[in-house]
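Here the chain labels run A, B, C and D in written order, and each chain numbers its own residues starting at 1.
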Amino acid sequence: MTLSHFIILSLMLCAIGVYGVLTRRNLIGILLSVEVILNGANLNFAAFAHFRAFDPTAGAVFPIFVMAVSACEMAVALAIVISMYRRKKRLDVYRLEELNG
Amino acid sequence: MTLLLPDLLLLLLAAIVMAVDLIRIRPLSTVSFHLSWAGLLIIFLVLIVLPYDQETIYLGTYKVNGTALLFKQVFVLSAFCTVLLSGSYFTPGGNARGLLRYRSEFCFIILLCTFGMFAAVSATDLLTLFIGMELATIPLYILSGYQKEDSLSVEASTKYIIMGSLSTGFLLFGYSFLYGCAGSLSFEAILAFAQSAPADPLLRLGVLFVMAAIGFKLTIFPFHMWAPDVYDGSPTPVTAFISVSSKAVAIAFLLILVYGPLAPLHKYLQPLLLILAGATMTVGNLGALKQKRLRRFMAYSSIAQAGYIIMAMAGGAEAARSSIIYYLFVYAAANYAIFFIISIAGRDGNEEFKSLQGMGRRNPVLAAVLMLTLFSLGGIPPLAGFMGKFLLFASAAQQGFYSMVIFAALNSTVSLYYYLLLVKEAYILQPATSSRPLVTDRIQRAALLLLTSAIIFLGLMPLFSSNILAVVR
Amino acid sequence: MAEFIFTNSYLLLILPLLSFVIIVLWLAGKYQNPAELDKTLRCQNQINDSEETQKRADDFAKGPKIAGLAAILLATLNALYGLGLATAYYQHVLAQPEHYPNRTLVCFDLAWLNFSPGLTANMGIYLDPISVMMIVVITMISLLVNIYSIGYMKDDPAFDRFFALMSLFTFSMLGLVVSSNILQMFVFWELVGVSSYTLIGFWYEKPSAVAASKKAFIVTRFADAFFLIGILLVSFQAKSFDFLTLNLPETAALLNQSIVLGSVPVNLLTLATLLIFAGGWGKSAMFPLHIWLPDAMEGPTPVSSIIHSATMVVAGVFLTARMFPLFSEAVGTLAVVQFIGSFTAIFAAIIAITQRDIKRILAFSTLSQLGYMLFSLGVAKISLHGEMGPGLNSLGYSAAMYHVFTHAFFKCMLFLGAGALIHAVHSNDLMAMGGLKRLMPKTYWSLLAACLAIGGIFPFSGFWSKDAILLAALQSGHYVTFGVGLVTGGLTAFYMFRLFFLAFHGEARSELHDVHEDPWMTFSIVALTIPTLGAGLFEHFFAGEMVASGLAYADHLSHPLWLPVIASLVGISGIGLAWGFYGHGRTEKADEWRQWFGPVYQLVQNKFYIDEIYLFITHRIIFQGIGAPVKWFDRNIVDGAMNLCGRILQLGGKMVRLAQNGQLQFYLGVTVLGLAALLFLAS
Amino acid sequence: MNGPFLLTLIWIIPFVVALACLLVPHDNHRLMKLFSLVGNLINLGLVILLTLKFINVAGIAPAGSDSSASIFHFAYKTPWFKIMNIEYNIGVDAISVLMMLLTAIVIFCGILASWEVKQQAKEFFILLNVLVAGVYGVFVSIDLFVLFMFYEIAVLPMYLLIGLWGTGRKEYAAMKLVLMLVAGSAFILAGILGLYFESGISTFDLALLSQVRFSDSFQYWAFPVIFLGFGVLGAIFPFHTWSPDGHASAPTAVSMLHAGVLMKLGGYGCLRVGMYLLPEGAQVWMGFFLVLVTINVLYGAFGALRQTDLKYITAYSSVSHCGLVLFGFTAMTFTGLKGGVLQMISHGLMTALFFCLIGMIYGRTHTRTVSEMGGLMKVMPFLSVAFVIVGFAGLGLPSLSGFVAEANIFVGSFANTAAINRVCTVLAVLSIVVTAVYVLRAVNALVNGPIAPKFSLLTDATALEKVPVSILLFCLFGMGIMPGWIIELVNGAIKPIFNNLSR
């Protein structure tokens, strides 16, 4: 298990997340995919903290902050999505089409 | 602790506003509104009198220096204008699109967001920077969906948050690579690493991820796609706030990184920045050509402006910093002036080009202000926008990128075309139906007076720009 | 006294200018607002009281004849001054050749236009035999024409304007002949053009007059452009505009070099002199630039008279004479001058035979006579076949000047007389005249003298000058030219007497009302018989003094006695032929002959269709062939390119809007692609 | 009054007038016109005073006699923006003084000619005065930044002036005009920044920059950029298309000012910035520009040939004549440069009068199509005679200003012995024939011929209208007959530029 394994894993997570973001029709699904990307980044931090950093605490603390922040973000996102659901009665991303041009 | 005073005052103000909301007596109370703008004004005054030639680092992570203070001025002024601008949207009958509610919360969120920006420009490490940026960004998601009843607003908000989250993901990846290279989150360590190994692929990978992420906030092509929709859908004061504050903090972020820890990579970044700048201003200008809705139009216009701004980053640290900060003030003044006019002319809720028709006769003063503002955005002397753009271009020219300067100036000619289209709407075209006179309230008049004089005098008075130069030196 | 006259010689120019200015100012005062007045008049007379209105308007328009009298007064002063100047010049300059080696006196020379430190154009007065001669001719003729015009123009509403413009015309021509340098000459040259433009188009409501004035101006302007290039060329080489410098042999030597234009080697001197001569070509209306002159008859007759005698058309001859020392070095140029002169002489004479418009006949006769003058200058260079060997023949030069002198008077009179006829019958058409001898005896006898003079009959003035010209041609060995001159003399006599018989003899061919001889007009006509009869006295003076100085001339040879005899015989036979055809005002025999000639006659009567060729060139080629395509090109290509830029940008705008399709996942895709592109770009 | 103060006053007064108009109630047109008129009359007086002072000073200390001395008189500088060493730096040489004189005359006449403006008079006069202030500003400034700033100030008001008060396709024309000019200034901007950074002394001061020997590689790209940039305003081919549409659509006073003065800013800039500062670049590029401007000269003339609208005819003739300005410059000889400057003045006067008269005639006949008019001499002798005279000035008749300029241009251009110069000179000289054709066509169609019945009740110029026409006529004749003092002045100003060019 070397650093590169972890980096590849995190990049794969990122790629999976991106794939999800681009293909999921459901807004919640897209949000979940975003979370996957964020966690990929977290994994990266941890891996770097373990393998390379002379300041490993930072690498350990950062993911915690990220989790907190992303939790906030998700909370807001869910609120918005719910309000969206109220307007459109669907969570289909295709329904977001009124604004264009 | 003096240098921290504005940050603390801002937090205090936010707390007070929130508290007022908790004990508010009537639903339409304007106490928090007045409290907010007055408080922001005081903070601004405090910011002005602070010493600009010092640099203090608090707790090893929170740095305050002249550049940061200047950025804080921009943020405070922007928040101040947004609060004033929001006034009429919270007043019944102020705008036909729909009444905004929960004024104190609105103000609170604005203040909090502004604090996040404060934190971002004071950062000395990636963590503070990240927290500050997120604090500055997440409230904006909420604000853009503030008009819950309006499906456009909600749609805008949804698009914004999803794209924003993706960019946060990229940002974090970027950070993680930077951390991985330098082994530390502090800028000093990253700088040291960048100096020793500027060609490290991991470092570059990180930088590119960060660039992409910040490109989102700065509406750089091709990361700008959210901007027109979000600008168009959000309530007007929020659009104004996003167009100025959010852009300003992104620029601050970029300045901090590019001329801070990533300075050794500047040569490597230069062509990249120029390409992005050229593409961004072109796309922004082209997009604005065929618009009919004012807020969407402003979105494209601000995309183009972002292009000019990052072009300046091809220049040296001093020139870039001073010209960009100066331009931010100018840009903020002009943008807010336009949004004020939009709020006045767009009372019918449409906020389209048509709303401006016949303004030359309906309200000549307002029309004149509009014209001055647009000319300033178009970079016409002797208005501030000209001086600002001149300095931006000079910054790029200093490094010998003359063809880029020509390209940008030609782009600015294209932008003049659509600004003149607005002038044409206001002066030359007459409304099909007879329309009401354009009424303004006291706050709007005062704000417009301030902004217009800023637009005129920032370009003529050397004091201000010279000060900026002195500060960033 | 002479000193005074010389130092104040600018008065010569000031007087006519003053006359112009005074009349214009007076006119401006009078016409404070004629339309306003007209309107009030018309408002007052709403009820069809048009006669009264007309009368009042006419009264207003006519007014007193102060302008004419003022003009005459000043013209008289000017003529006196001119005479005084001539006398002073004769006594002080010509009589003292040791003081004035070139017989040239530059009275004053003020810097006017400074081009570069070494090159300045002056305004000066340059007196030498030919300019003094011209001064006398111009001032005298101007005076007489002014007097004549009082009678001729008395019913014209624009009486005052006429005199103002005449004064301007005189001013310009005087300025031209006294020019001390070639640029000054060009200045006045152009002023002459403009004054003639205003005078030819004097009746500006008449479309044909307007068209003629435009044509005159543009054709001469066309020639002037080459003149200007010639000036540039010469002045660049000589570093001066002054005639004194230009006419130095050094200048000619400087210019005498070969340059290669394209792939053709050209002698610079020939080129430059040809270009300068081009100016004279246009002004003197030599073929093929002659087309403006017959049309210029649209102006009032006194104008034609002054244009054809003293001003404008002789400018070309004068220019050639003025630059003669330079021209004399350029063999090719003089050959061109000679060829064009002789060709125009006979060409115009042939056309003149067939014309019916009395003024046009005179116009073509002027062309023909100008041809004489120019080929006379041309033959001043002795041909290789000449009996005197190579060199210059001073007689060619002096004869040309002499012919300018004599021609001025008799041609002026012919026109004035024609004017009187036109005035009497209210038509230009020769076929409408006839039998005027009885009604206008003074005019008849005067014109007879003029016709004899132009026909070259002894002892009238034309005989002497033409004789000198023919002699010069003969002496210099240009036998073809000589032959042409001789034949043209016969033709001249023929068409002039055709005119004369048709106008005066026989029976009136149209109804005539109230024909009388206006005293003002008759005075001038009769006065002009004096020089017509007496100019022959000056032959020796001209031959002796009117010589471009500073040149080496061949010695004079004997004057063969058979020459005047032959010339006279040719002239008389021309007259006889005319009598045969048109005696007693008959036209039947001529008609028969015309039938016989058929298409050739048509060709000639239509002036060889030169006008039509010009129309084709200007309208089809320049207007439609260049102007219209340029307009199209400008609107569609150049402007179109600018609009295309706009279109492309607009299209770009549409594309950007199209990309902004509102689909979130498309946006996200673009963002991700953007990141990928960024990574790709940076690697 | 000392020189620098006078200079400042001259450009400030129009601004003050504009501000004064701002305060006048909306419907008090009379007062606004009066303000503008008096303000510009005062300015005219001041400019004349300046000219006299200048003649005085220049007589004592001829400019450029010593190479280190500044070529500008009444120079004054004070730091303005420290940030890029931008200075408020003013001063004049003979060219600017004469151009200011021209401006003062033209605008004074222009205001008289626009006495009839009724619609939104307030905005009209404000914009007009701002425009004028910009023009003056360009001529007084030595600092390139300030010069550029004023340059843009002078361009922008055109949009509304044409778009609001114009005729025909006014919006399109106004937009095209402004965009093309601003696009031109994009090039100027790059050029100016290049001068600043490449000079090594970080200054915008023209006088200082003129002492710098810029590297050849810089000059090679910077010269065409600057020359073309300014050339757009000088209507250089193929960037002239804003001119016909713009001039045809603009209201009288604006056409006068724009064709009369504003187009000269282009030539002024080409000379002052392009050729003065970048002589080596000029040497290299001149052949190319010579061909372009020769095309201009011929093309404008031929273009005018087939036009039917009076204003289009005049506009194309402006293209041709402004081409002659640059033609004189591209000759690169002393006389040619001088001729170019003289042509700027001459054309300014002439074209101003042209547009002034067209405006007055149009105000009466309500048509500008030449074929519909005719015989106006009968009802408006004053205007018609003036029209004929200005037509003659256009075709370079001696005794009118045009000849003085054209003679200098042609002599100067011919003095350059390069084959291409010679050929172009010949072509340009031949263009005067075409000029004669279109001028006479217009004149004849307009004032001569039988009068149409519908025009027979028209009136001649009023006393008020006669004033500007007379002033301009006087100037045309004055310059044509007594060009000595102007030439003397211009000689002094050309010398340092020429010295730079031939170093």
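Note that in this section a residue touches a chain if its C-beta (ideal position, glycine included) is under 8 Å from a C-beta of that chain, and two chains touch if they have at least 3 such contacts.
Bear in mind that the values here come from a model prediction, so they are computed numbers and not experimental data.
Every chain gets a centre from its CA atoms, and the centre nearest the mean of all protein CA atoms is that of D.
Counted by C-beta pairs in contact, the busier of A-B and A-C is A-B.
Distance between chain A and chain B, defined via averaged C-alpha coordinates, is recorded as 26 Å. Work out the mean CA point of chain A and of chain C, and you get 95 Å between them. One simple way to say how far apart two chains are is to compare their mean CA positions; for chain C and chain D this gives 37 Å. Centre-to-centre separation between chain B and chain D, using Cα means, comes to 42 Å. In chain A, the residues touching two or more other chains are 18, 21, 96, 98-101. Residues of chain B in contact with at least two other chains: 158-159, 162, 166, 170, 228-229, 291, 417. In chain C, the residues that touch at least two other chains are 657, 660, 662, 664, 668, 672. Under the contact rule defined at the top, the touching pairs of chains are A-B, A-C, B-C, B-D, C-D. Those residues of chain B that touch chain A in the complex are listed here as 125-127, 130-131, 134, 138, 141-142, 145, 148, 151-152, 154-159, 161-162, 164-166, 168-170, 172-173, 175-177, 179-180, 183-186, 189, 228-229, 232-233, 291, 296. On the side of chain C, the complex with chain B involves touching residues 649-650, 652-657, 659-660, 662, 664, 666-668, 670-675, 677-679, 681-682. Taken together, the chain B residues at the contact with chain D in this complex read 322, 326, 360-361, 364, 371, 375, 380-382, 386-387, 390-391, 393-394, 397-398, 400, 402-403, 405-406, 409-410, 412-413, 416-417, 420, 423-424, 427-428, 462, 465-466, 468-469.
Taken together, the chain D residues at the contact with chain C in this complex read 176, 180, 237-238, 240-242, 244-245, 299, 302-303, 305-307, 333-335, 338, 375, 377-382, 392, 395, 397-399, 403-404, 407-408, 410-412, 414-415, 425-426, 429-430, 432-433, 436-437, 440-441, 444, 447-451, 457-460, 483-484, 487-488, 491.
By the touch rule above, chain B contacts chain C in their complex via residues 158-159, 162-163, 166-167, 170, 204-205, 208-209, 211-212, 215-216, 221-223, 225-226, 228-229, 268, 272, 275, 282-283, 286-291, 300, 414, 417.
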